[in-house]
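Two complexes, one shared chain (chain A), two partners (chain B, chain C).
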Partner chain A sequence: MKKTRNVAIAGVGQTKHRGHREDVNLAELVSEAVEEVLADSMVDLSDIDAIVHGNMELFEGVHQPDMWHVIADGGYGKAGYRITTGGTTGTTLVSAADHLVASGMHDLVLAIGFEKQEEGMTTTGITNMSCPLWDREVQTGAITGTTGVIMMNKFGQKAEEAAAELRVLMATNARKNFKAHLRLDITRKDVLDSRVLAWPLRLLHMCPESNGACAMLFASEEMAKKLPQKKVWMHDHVTIHRQEFFDFAHLEDLNTHGEAARIIYTRNGIVNPIKQIGVFEMYDPSSWWALDWLGKFLFMENGEQIDMVLNGDFAIDGKFPVNPSGGVVSTNPIGATAIIRVAEAALQIRGDADDHQVPRDINLALASGFGGTFWTVLHLLGKDKPNH
Partner chain B sequence: MATKTDKEGRELVEIRYEMGIPGTFAKGPIMGYFLEKLKEKELWGTRCGKCNNVIFPPRVLCPKCMVDMAEWVKMEDFAHIVTFDVVHFPTINPLTGEMRPVPYTSLFMVFPNGAGFFHFGIEHDPEKIKPGKKVVPVWADKREGRPADLLGWVLAEE
Partner chain C sequence: MFIPEKLPVDKKYCGGKRGLMSIPYRYYAGLFLSKALIALRDEKKILASRCPRCGKVFMPPRSRCERDFAKITELISVGPGGVVEEFTVVNYDEPYFMEKCEKMMKAPFTMALIKLDGADTKFLHRVKGTDIKHGDRVAPKWADERSAAITDIEWFEKA
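Our next item is the complex of A and B:
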């Protein structure tokens, strides 16, 4: 990616993500993440030039929440805008903040993603995105087992075992992350015995509805030099989507993850992602999707990732650690979900992920976002400055 | 107003409400023609003159080539299943505000001319629904040029 100047992540802040947060309203929830990112970066609100702010407004039914949230983020009188791109909202916020700094327009940009899913009705919000003249009538929202059906037909029972094992791994990781929402102690059998949502997708395969916020601070290289926190550098990112024109009759057309990965790897000299990338925070709305998508991001056309899951290769101390945070199946405040992937990847590079830290030096980390219209945003972060 | 307390016994206050949002959607000439033809139990798509792909339901432009669609195409009265969802999680139909009865089935299908689409399946037993099986449409007795004119798709007798 061509950039006018380098951009660093100068700080990260997150709430504890929980199923219930009736003790705070939306703005108060956002303020918790903002206070943490200011403390982490040792920056004052008055130093920030611009704020990008995002969630899925239809979910809570609060439109233009950024107007209300100036009491939480100090946005009064500052530049900025609001972003809503579905599941990818958080990663799009990161892309936007990166552009605002890289372009030279601003030196310090705050990105905030949040969602309070106990308020409003998420699935009704999702189905409202479909064309009202036809698709909305049959839209099922994010509850879909179609990938599971395809994988079961292609790889049989082993795929079902691996999807369940992947969920168990995410639970094991989430128990090490006190900010994760679901920190379950579960077995493969528990997953396979949980109730069917849309066969073969079961309750424990699926992400929860969480309440939480995540904020990240992005700085120009010049500004970053003045700030005390360990730097993580924005290396590259790409967005690929199909909007409403995704076609299940042509499965190859749905591989936006593979397309994004190919671009990122090619532009950054990555020929062996498993060896070169130290950790992957992948947007995994369900364990079935996760199982399929690992194959897409790693170009495994014959289901090799299924054996890798069963071998434990994606564990925190495995060959290619995936979602040491516990992933989206453990924590899912949607407008924050994708920015949490980038924030967690940054913490891993810094070595600041506490009990869920990958036990080795990480030079490069990958973070993905996903939205229902086959929309992929993929970010590559690094410990060292990129060579643009 | 409903009042709850947290674990420490502190009072929490929530406001509960239900929203009703009456809506009107303009059909436009392309979807207008498509919806009108539902009354005659006919399904129509449009074909791009450049890439030759058929899009169903029809669109005025091909999103990939960004050219006007060249012609209307009457779809066959059968399709084949690509994949499916039998959904056991109740959700609200945002067009009616009513809860969908569960289970309900979403079928992802392909017409013989290659156009992919999704709609309801009448069968809810995942053991009976298989990718590759042939399905035919089931129509409402009274049709008004609305999406609900097409009730869903049922497995064709073999």
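Our next item is the complex of A and C:
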């Protein structure tokens, strides 16, 4: 991507993500993340020029939350933007903040994603996303077993073992991340014995509903030089949208993940992602999707990722660490979910991921966002400034 | 008219549909602001919050100062009397609200931004009657059955 100027991540902040946060209201939840990003970046709120703010529409039943969250996010007197692109909201927040800084419009931009899922009913928002004439009355929420069926038809029992193993890996990682919501101690058998939601998708394969917020600060190169925190550089990002009918049986026609990866790799000279990219924070709404999507992002047409999962190659100390944070199946405050991917990737590059830190130097990190119906936002971050 | 009775108007050539979006929610006040709601219910007391940095007194109470981002932890008693700063007279009963919302007041009545004694901000409530002027002093009429909500004050009336 051609940029007018470089953009750095100057700080990150996250709440602890939990199933219940009755102790705070929605605005207070947001300010916890803002407080932490200010502390992490050592920046004064008054130096921030603009706030980009986002969550899922209608999920908490609040219209224009960006307006009244000024009482809680420090937005008073600053430029404000609201972003709401479904599941990808968080990664789109990052894209927007990057654009605002790269363009020269602003020097310091704060991006905030949040969701307090205990307060609303997600189906309210999700069913109203479809065409009012043709889809609204007949569609359901976000749970689908189709990918699992396709994978089992293609690869047999091994795929089911691998999806379960991937869920166990996410639980193992989440237990190292005190901010993760579900920090389960589970085995492959627990996953395979859990309740069927839509065969072969089971309860433990699926992401939870979480309450949480995540904030990131983006700075121009000039501004970043003056800031004390370790910098992570925005290298590239791409958004592939493809709104189609709900044809879940032909997902291969909607390979926005593969398309996004192809563009990012080509533009940034990545010929061997497993070797060149140190960590991947992937938006994994279910372990079945995760298993399929790893193949899409890594261009594995014959299911090689299945063996890699069973081999432990995606573990924190494996060949290609995926979701050391525990991923979306462990933590899912939706409007924050995708920005958490980018924030966690940035922490990995900084070496600040504490107990879930990948034990080696990371120069490049990948972070993906996913939203319905099948669109992708993919970010590439680096320890060094990009050359362009 | 909150839901068009007939849609489309031209049934022969124009298709369409009508519906009703329903958005269930629950909203947690949080531990700090719950205290102000509970004071309405249990003590008929109006609590505002005071910023430790700039001293601004927020009513409705807020847990962050919007100007300096200070975390607010102090609640102070304000009112119960106050002054009407701005107002408008409601002359129309919206059928949808009358049907769906609890504790609606029948028109005509006044909606006013009231600055309670001791507060630095104005808050919105209803004032009984329509003979209201800027600067009128008003006092709350408390509900007999209270549920820790703003409607524990049924309305304000001229004091």
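By definition in this document, the second predicted complex is superposed on the first by the 379 of 388 C-alpha atoms of A that agree within 3 Å, B and C clash if a C-alpha of one lies under 4 Å from a C-alpha of the other, contacts with A are read in each partner's own complex, and residues count from 1 in each chain.
Assume a residue touches a chain if its C-beta (ideal position, glycine included) is under 8 Å from a C-beta of that chain, and two chains touch if they have at least 3 such contacts.
From a predicted model like this one, the values you see are computed outputs, not experimental measurements.
By the touch criterion defined above, A:Leu133 lies against chain B and chain C together after alignment on the C-alpha atoms of chain A. In the superposition on chain A, contact is made by A:Ile71 with chain C only, not with chain B. By the touch criterion defined above, A:Thr124 reaches both chain B and chain C. Judged by the touch definition given at the top, the superposed model places A:Glu22 against both chain B and chain C. Of the two partner chains placed by the overlay, chain B and chain C both lie in contact with A:Gly61. By the touch criterion defined above, A:Lys2 reaches neither chain B nor chain C. Contact with chain C, but none with chain B, is seen for A:Leu45 once the two complexes are overlaid on the shared chain. In the superposition on chain A, chain A positions 22-23, 61, 121, 124, 128, 132-133, 136 are in contact with chain B in one complex as well as with chain C in the other.
Those residues of chain C whose C-beta lies close enough to touch chain A in the complex are 15-17, 19, 21-33, 62-64, 66-67, 69, 71.
Residues 22-23, 61, 121, 123-124, 127-128, 132-138, 140-141, 143-146, 149-150, 153, 195-200, 243, 245, 247-250 of chain A are the ones touching chain B in the complex.
The residues of chain A lying in touch with chain C in their complex are 21-28, 31, 34-35, 45, 58, 60-62, 70-72, 74, 76, 116, 118-121, 124, 128, 132-133, 136. For chain B in complex with chain A, the residues that touch the partner chain are 4, 6, 10, 12, 14, 19, 23, 25, 27, 31, 35, 55, 57, 63-64, 82-89, 91-95, 104, 106, 108-110, 114-120, 126, 131, 147-148.
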